[in-house]
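Two complexes follow with chain A in common, the first pairing it with chain B and the second with chain C.
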Partner chain A sequence: MKVVLKLLKNPTSLIGIVLLLTYVIVAILAPAIAPVPQNSRDPYMIPRDGFKTAPGLPSAKHFLGTTEGQYDIFYGIIWGTRTAFRVGIIVTILTLILGLVIGSLAGFYGHWIDELLMRITEIFLAFPFLLAAITLTSVLQAIYGKISAGPLMILTKLLALITFAQGFDQALNPIQMSILTGMMAIIAFGWMTYARVIRSNILSVKEVEYSLAARMVGANDMRILFRHLMPNAVFPVLVMASMDIGSYVLTFAALSFLGLGAQRGYADWGQMISFARNWIPSLAENWHIVVFPGMAIVLFVLAWNLVGDALRDILDPRMRGRGAGL
Partner chain B sequence: MSDILLSIENLETCFRTPEGTIHAVNGVSMKLEPGETLGIVGESGCGKSVTMLSILGLIPNPPGKVVAGKALYRGQDLLKMKDSEIRHVRCSEIGMVFQDPLTYFNPVLTIGRQVSEPLEVHRSLSHKEALDQTVEMLELVGIPRPKERLNDYPHQFSGGMRQRVMIAMALICSPQILIADEPTTALDVTIQAQIVELVKSLRDRLGMSIIWITHDLSLIAGLAQRMAVMYGGFVIEEAPVEDMYAAPQHPYTLGLLGSLPRLDDVQGRKLVSIEGLPPVLFKKPTSCPFAERCNFRIERCNLENPSLRLVDKCHRVACWVNPETRRENQ
Partner chain C sequence: MLTYIIRRLLLLPIILTSVTILIFAMMSLLTPYERASLYVSDIPKQSGALEGIIEKYGLDDPAPVQYWYWLVGRTDPETGEIKGGVLRGNLGWSKTGKGDVAEVIGRRLPATIELALWAGIPMIAIGVWLGVLSAIHHNRLIDQLLRVFSIVGYSIPVFVFGLLVLLIFYARLDWFPPGRLSDWAAQIVQSNNFTSYTRMYTVDALLNGRLDIFWDAFIHLVLPVITLAYLNWAYLLRVTRSSMLDILRQDYMTTARAKGLIENVVIRRHALPNALIPVVTVGALTLIGLLNGVVITETVFNYPGMGSFLSEAALSLDVVSVLGFTLFASFILVAGNLFVDVLYGAIDPRIRLE
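Entry: the complex of A and B
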């Protein structure tokens, strides 16, 4: 409760929180703000007004104008908020869990387990993040045409269950598939820093006497690790993750921009900007096709960063009394 | 010696370090009867704590390893137990209290959660029942307003109160044996006395056996029935407390007692210190481990390691020197 109060007192984090709340409200009220057309099969597909190539300027009918192919920008931005939250939060949580599990096991058990897991971590770290994500997304998308079962499919279905609340028995359509592959690629190359930080924190707390006391009480390894050690070690990683939500959304937007994340016409900010690729020479007239979706992304990332920054200042005792006026 | 609760036989534990293997415990044997309080005395690094941690399987492996011996608890060998079995023994059969009550508590969990944890692990109780028992136990160890203090964190307690809470945690599953590993060393003298009194009253009420590790000889006198003196990973003398104080046999015990002031001292007696340092146990001693520092040393001491021999009823000593010689020099 104290943390929340402090967040509200600090002007920068207050701006972040207000921005975030606005996004949350927009996401919740999306069907009211931008009503779904009657003939629409999927509310996340942006409705089109004709098939003319040239973008249309803002007008009474299209509040923020239309993009190439007459997709409504206003509708896309509103429903894209849901995509952004969905991708950002789910990717962050799953990346965090993956990193926490790998890092804490390495730190807790040490010896060869530590060596093995940390070498794997380093291998993953060796790839440039965006490049690796792009490659993995396209590889996954190529593979999915050919397989229908196996562990990869189970993973994808699990992710679909979390992301779209879609049952295990239902088949995945290509639109969902391309979003899921993008998310998987980001998760696969995002967990390493969390793993490293949690490992070092676990290492420093596992030799402290209370872990012996917990052992004495009769607790098993998992209980000691997750109940006794984790709460002492996890906070720095949580703060890191809260600051990373924005950057995961940004990465996903980049994938979509390159045509890898969300499919053409899907309500996703990065995908909407990709419509502007052919109109770069004439952006002076068609400024709206970049500015509006771009602003949505920038403000979203900014909001998370402001909140994450403030959270770090509040939770890190070394920063207390310095900076940010907390 | 009809029924024996805990019997440690020839326990050996060593630690592998980059500098070599350290033989911390070299064949310790001791027995504990139901309801009995056994005091274990010795200087730092003589293997007192390691012995106790060994029998509970709490020696980190690697670097530590129990190499030989048995630890029979009600006929079952604790050292041969599987991980899941020994976990059940911890706290629910044998409880342990540690030296520094602050570092042994998890700073981010409330006292209520930590004290009730053994119940959670070993007994399938509802949350409310567990809390009720916790409050009861905290009251028993003399925590004022136990119900309100459940939600406090360890740093909100004073040192003495913390030690009381730790005792509550060790006893909450009503174990048969309480191992107290220098529980009063970090406390000041008045609080020490309180804790000792508390443990005495709990012993009378709950009827458990106690193994009390300390290097404070005076503390043992009023608490234990029997005591063992350890040196260099061996038990070198074992006797009922009265015998030990009245007629110590081993030169080391003599030295220990000689270094303490006594009420019945002749005025002007100088307190003696034992010269030299305890041995570094890089190899298993083949001679008497105390030989180097011993004033009574004879030739045999450098050649053979004495084992415990009965000198009086219930009084056993590991020393080659003639008892008469020792007594004369006292």
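Entry: the complex of A and C
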């Protein structure tokens, strides 16, 4: 509670919180702000007004103009808010869980399990993050449709269940598939820092008296790990992860920008900006195809960073009592 | 120090082997049809051709066997020629680049190095300077402004920033064009009168004494360099600032001031050398991190380097190229990390003594 109060008192984090709340409201009210056309099959597909190639300038009918192929920018930005939250939050939670499981197993069991898991962590760290995400996305997209069963498909379906609330029996369409592959790639190469931090936290709380006390009264490994150690080791990592939501949204937007995340016409900010690549010489006239979706991403990520930045200062004990401006 | 370096060097083969295993694991998710690109440039369009290739190169062998051949290459039973083999530098055939993956990387590498070199110096110098400035004016207006600058800085995606500078400086003002050379300059560079020493155009132009081409290559570099540098300034600024603030609170800083040293000397002689220790690491890591940055930057600016090659290959799902490139990049990263660790040990006595 004290932390929340401090966040509200700090002007920069207050701006962040207000921005975030605005985005949350926009995401919730999306159907009211940008009504779905009646003949639409998927509300996340941006409605088109004709098929002319050249982008349309802002007008009475299209408040923020249209992109190449006449996709309505206003609609895309509003519904894109939902995509951003969905991708950002789900990716963060799943990456965090993966990191928590690996890190806590390594820290708790020690010995060869620790050694093995930490070496695996190092291998994953040997890849530049964005490159690795691009690589894995393209691998997963290349094999899509060629394998129907196997553990990979089960994982994909699980992710579809979480992301699109889609049952196991339904087939995945290519649009969903390309979003899911992008998310999977980010998760697969994002967990390492969390694993390392949680491991060292567990190592430091493992030898504390209450853990020994729990063992004395006969608690089993899992109970000690999950009831006694995790809650004490997990909090700093939670804070870390919450600050990373912005950067995951950025990474996914980058994938979409390259044409690997969300597909053409899907309400996703990165995808909308990728249209601008074809209009670089005439950007002076078609400024709106960069500026509006760009603003949506920048403010979204900025909001997370403002809150995260303030949170880090508040929670960092070294910074305590050193004046409000820090 | 020596044992430290030796220990790190001994770990190197283990990490590199693991990297190849992970890359190979991703590779083996592909169908034999796609993996055929590892050994042949084209599959003849006749029935049985694919089966022949699968048979010949053992693309349905058990995974460990395939991994071994992927590493060392496989001898063609008829011609005796060795095909494939990552250790021999054969990364397979790139459908996107219409050539061997390694050859395409080699062709594209000078452009990226040129970009990274031009970006590196202003990036680190200005980033560190801003950080120091922020720390010595702690909590004053300039610090607050720089703080806002850095938070906004790392909230802007590379591609948005790149497109915005293109909008202003190319589409509107027409000062700095995208691409790498103007058409007229490209013609001269490809002609026989122009000797390509390094295939970095700014360097070659100077060596050939062509200032007009140097200028043309230079104005093409300005926007991508600004884009790469700006996004890293935000990060370097923060690291330098917090490291500098830590140092400024140390007791020996008070001692230095108590001795009556003027502030300038205190900062330059006592604070800065110590504050720069973490910055050196971060700076070097940022240079390696350009590997990430160039992918988007080169794509936005249509700059024909390694990064734009990767994004083209990824988009056309040319996985053999993508994985070959990633393997190359991760080797650079591992080597770079090793270098940074050794450097860190060399400049920080506390680590050296451990």
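We adopt the following convention: the second predicted complex is superposed on the first by the 322 of 326 C-alpha atoms of A that agree within 3 Å, B and C clash if a C-alpha of one lies under 4 Å from a C-alpha of the other, contacts with A are read in each partner's own complex, and residues count from 1 in each chain.
The rule we apply is simple: a residue touches a chain if its C-beta (ideal position, glycine included) is under 8 Å from a C-beta of that chain, and two chains touch if they have at least 3 such contacts.
Being a predicted model, the structure only gives us computed values, none of them experimental.
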item	value
Three-chain arrangement built on chain A, chain B and chain C clash or fit	fit
Residue contacts on chain A - larger count, chain B or chain C	C
Angle at the Cα centre of chain A, taken between the Cα centres of chain B and chain C once the superposition is applied, in steps of 10 degrees	100
Contacts of A:Leu238 with chain B and chain C, given as first, second, both or neither	neither
Partner chain(s) touched by A:Asn305 [first = chain B, second = chain C, both, neither]	second
Contacts of A:Gly218 with chain B and chain C, given as first, second, both or neither	first
Which superposed partner A:Glu209 touches (first chain B, second chain C, both, neither)	first
First, second, both or neither for A:Leu136, with chain B first and chain C second	second
Least Cα gap, in Å, left between chain B and chain C after the two complexes are fitted on chain A	19
Shared chain A contacts, counted only where both chain B and chain C touch the same residue	none
In the complex, chain A residues that touch chain C	12, 119-120, 122-124, 126-132, 134-143, 146-147, 152, 246, 250, 253-254, 257-260, 270, 273-274, 276-277, 280-284, 287, 290-291, 294, 297-298, 301-302, 305-306, 309, 323, 325-326
Chain A-facing residues of chain B, complex	56, 58, 83-84, 87-92, 95-96, 98, 100, 103-109, 117-118, 121-122, 169
Footprint of chain A on chain C - complex, ascending	14-15, 18-19, 21-22, 26-27, 29-31, 34, 139, 144, 148, 151-152, 154-160, 163-164, 166-167, 170-172, 178, 288-289, 291-292, 295-296, 299-300, 302, 310-311, 313-315, 317-319, 322-323, 325-326, 329-330, 333-334, 337
Partner chain B, residues of chain A touching it in the complex	208-210, 212-220, 223, 227-228, 231-232
